[in-house]
């Protein structure tokens, strides 16, 4: 199996697993995996597919501009530009964009504040953060309809410790050095989002309990 | 495989997928797919089946009046008239009716207002709406026990941009040009309903946050 | 396949489906199917099994007293007496007892009132109730530790229209003429419980909305 | 099949089942099964694995100090010390550590009180508690970053009736004499946690209802 085939399989396996969780509602979401750095080439989701099916037209190889490397009738996902940004600004090898009810709720609840920070949670170790008072911050940006404006704004919030960006009412984009690590980061964040929402809905009901997060 | 067989398989696949999500509680729900326009013929769910099983008696071919085209011992779903309305008034090729806890909760919460509108959500693109301030409105009608009255009322709320109708405490009816598109619309609406309910349950708990939707 | 084998298979299929939904937490729950009326014989769950496994020791044949008909090392479920009551007092052919978070929450919320009634819900048709203002009432009894007292109290609340009984913080017992009908009744009630809980958690947050159920 | 192979299979089966429920988010969680008492040897999860995959490198055999019994490139889970404590202080044969949203929410809501007690719930019988007013108490300890301090604190809260310990925002550790019993205890507790959270979120909305748990 060539490297390209191995990376295709790695990405398709991640897609299958996320699809099983229903994390691509209404054909939303897209995924990519880096194939080469110089020039930047990556496999990215073809547009408009049913992500519960596994076919040999699920991904196509594109360059840093999101242009298909080989002639194809497939159209790269409209959000390919966000994936390119991630590969240009970080050490990511794989990048996932999914919508869940909980990540969209968090993006709206904290959209005005522009970020959400988690600390004091064991799951933070999924980001290889081991300090006693370690914290993970996820920036939240507005959902600009113009995809070029969106990609630019997206790029400005990615710092050295950023592993994910929430777009307001437009899901999360998360990455890691491999498909395995990207999925680990995504699972940990979704857990933290769900935990936060559930705790928040209870905190005013628990007598004498101060704000919990 | 004949066209009829291909359409049967398309509908059966959609049914399997929705059944896996438990969207047919208590044998509720029904599905149809259009076979011909003139005269109108469509495959529709036979009444009272366990929708988790896949059998060759799951559907029957009916005409615009809901009458079986060929002699059969099968009884068409009691709500076949709603499906006929959809094919007569829209460009639908497939029509799905399902009950979920969340679509019923939305139908009751907004039943008096007669509709619910979503805007500012990326998932709206599932309806091929790309404008910056695009919106999708779902009418909500009362659940008349008389099925003829129900079908008439149902027909009156379907406009050129309507893709779905909620019946109060009686699930959602949603359509698309194909099984794939109908399912895409359904998934997107269920996502929006769940998102709305979860956000609503939190909004009064978030200091200084105005009404969010 | 003999009648007994056919009934065993029917019950095992229902068990598999409910187990997939995680409706037997901590090995709780039990199921039965009637084999003969005179004398009353029914297959009932053997005690303490992992209900996610399908084995040929999952059920045993017992009589009206819950005594094994044939010599066996298996022990009938401690709650076999409730199943016997159902067969003696109704036309049930199959009886299911399961714990879900939502049925236990409903049993506690309405335990003092001794019952919960649903009306104005399409899902009520799962109970073959078609009137415009039809209603389904589920009695709720206290969870007596003494199983004989529990069975007696259980018997006193079963009227001609009763299809299920909630025991306070001890799950639901529901029945139907066949495995298919018992499962249909169970699914419809679980849907109504979940709907009620979700709507209730929102109703005070919706301005100007009166009590909804 | 040797005893070691049988125990490996038992543990791998439990892992598969918990993984299907998504109870190992972000590669969190770990499991072990006792192989011998004198000296204490047990199979424990290798660090950092994707628990949805089943491989022959999922577990390794360690001693009471958590040191690998045979030469291996595998690293034992960082929390192996907690498993050793359980085997030293109880009659456990299998020990499970998982994160769920609900067990973490409970650990935070009741962290200051240092424990949570359930009574009046049928599911308590999963712990072989049959008295009418039986109760099960789960201690909650702080999540010390230093694993040695954590293990010591963990050991101090384990009494003769303890079957599980919650670590604040760090999941639950639960045990039983076998994999089957450990899983039964875990399922019962997760059910009780989910029930408690859902009931709590409703209790202030139910007129005239006193504090329910």
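Labels for the chains are A, B, C and D, by order of writing; each one numbers its residues from 1.
To be clear about the criterion, contacts are C-beta pairs under 8 Å (C-beta built on N, C-alpha and C of every residue); 3 or more make two chains touch, one makes a residue touch a chain.
Here's who's who by UniProt: A, B, C, D = Methylthioribulose-1-phosphate dehydratase.
As the structure is a computational prediction, the values presented were derived from the model and not from experiment.
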Point to revise | Partner chains shared by subunit B and subunit C (touch criterion as defined above) | key: none
**Study point:** For subunit A paired with subunit B, centre-to-centre distance based on mean C-alpha positions, whole Å
**Key:** 30
**Study point:** subunit A and subunit C, separation of their C-alpha mean positions in angstrom
**Key:** 43
Revision key, fill the gap. Residues in subunit B with touches to at least two other chains are numbered 201
Check your understanding: Among line, ring, star, complete and other, which one matches the pattern of chain touches?
Key -> ring
Review point. What does subunit A use to touch subunit B in their complex?
Key: 22, 25-28, 50, 52, 99, 101-102, 104-105, 108-109, 112, 143, 145, 167, 169-171, 197, 200-201, 203-204
Revision key, fill the gap. Subunit D partner, complex, touching residues on subunit A are 17, 21, 120-123, 125-126, 130-132, 180, 183-185, 187-188, 190-191, 194-195, 198-199, 201-202, 205-206, 209, 212
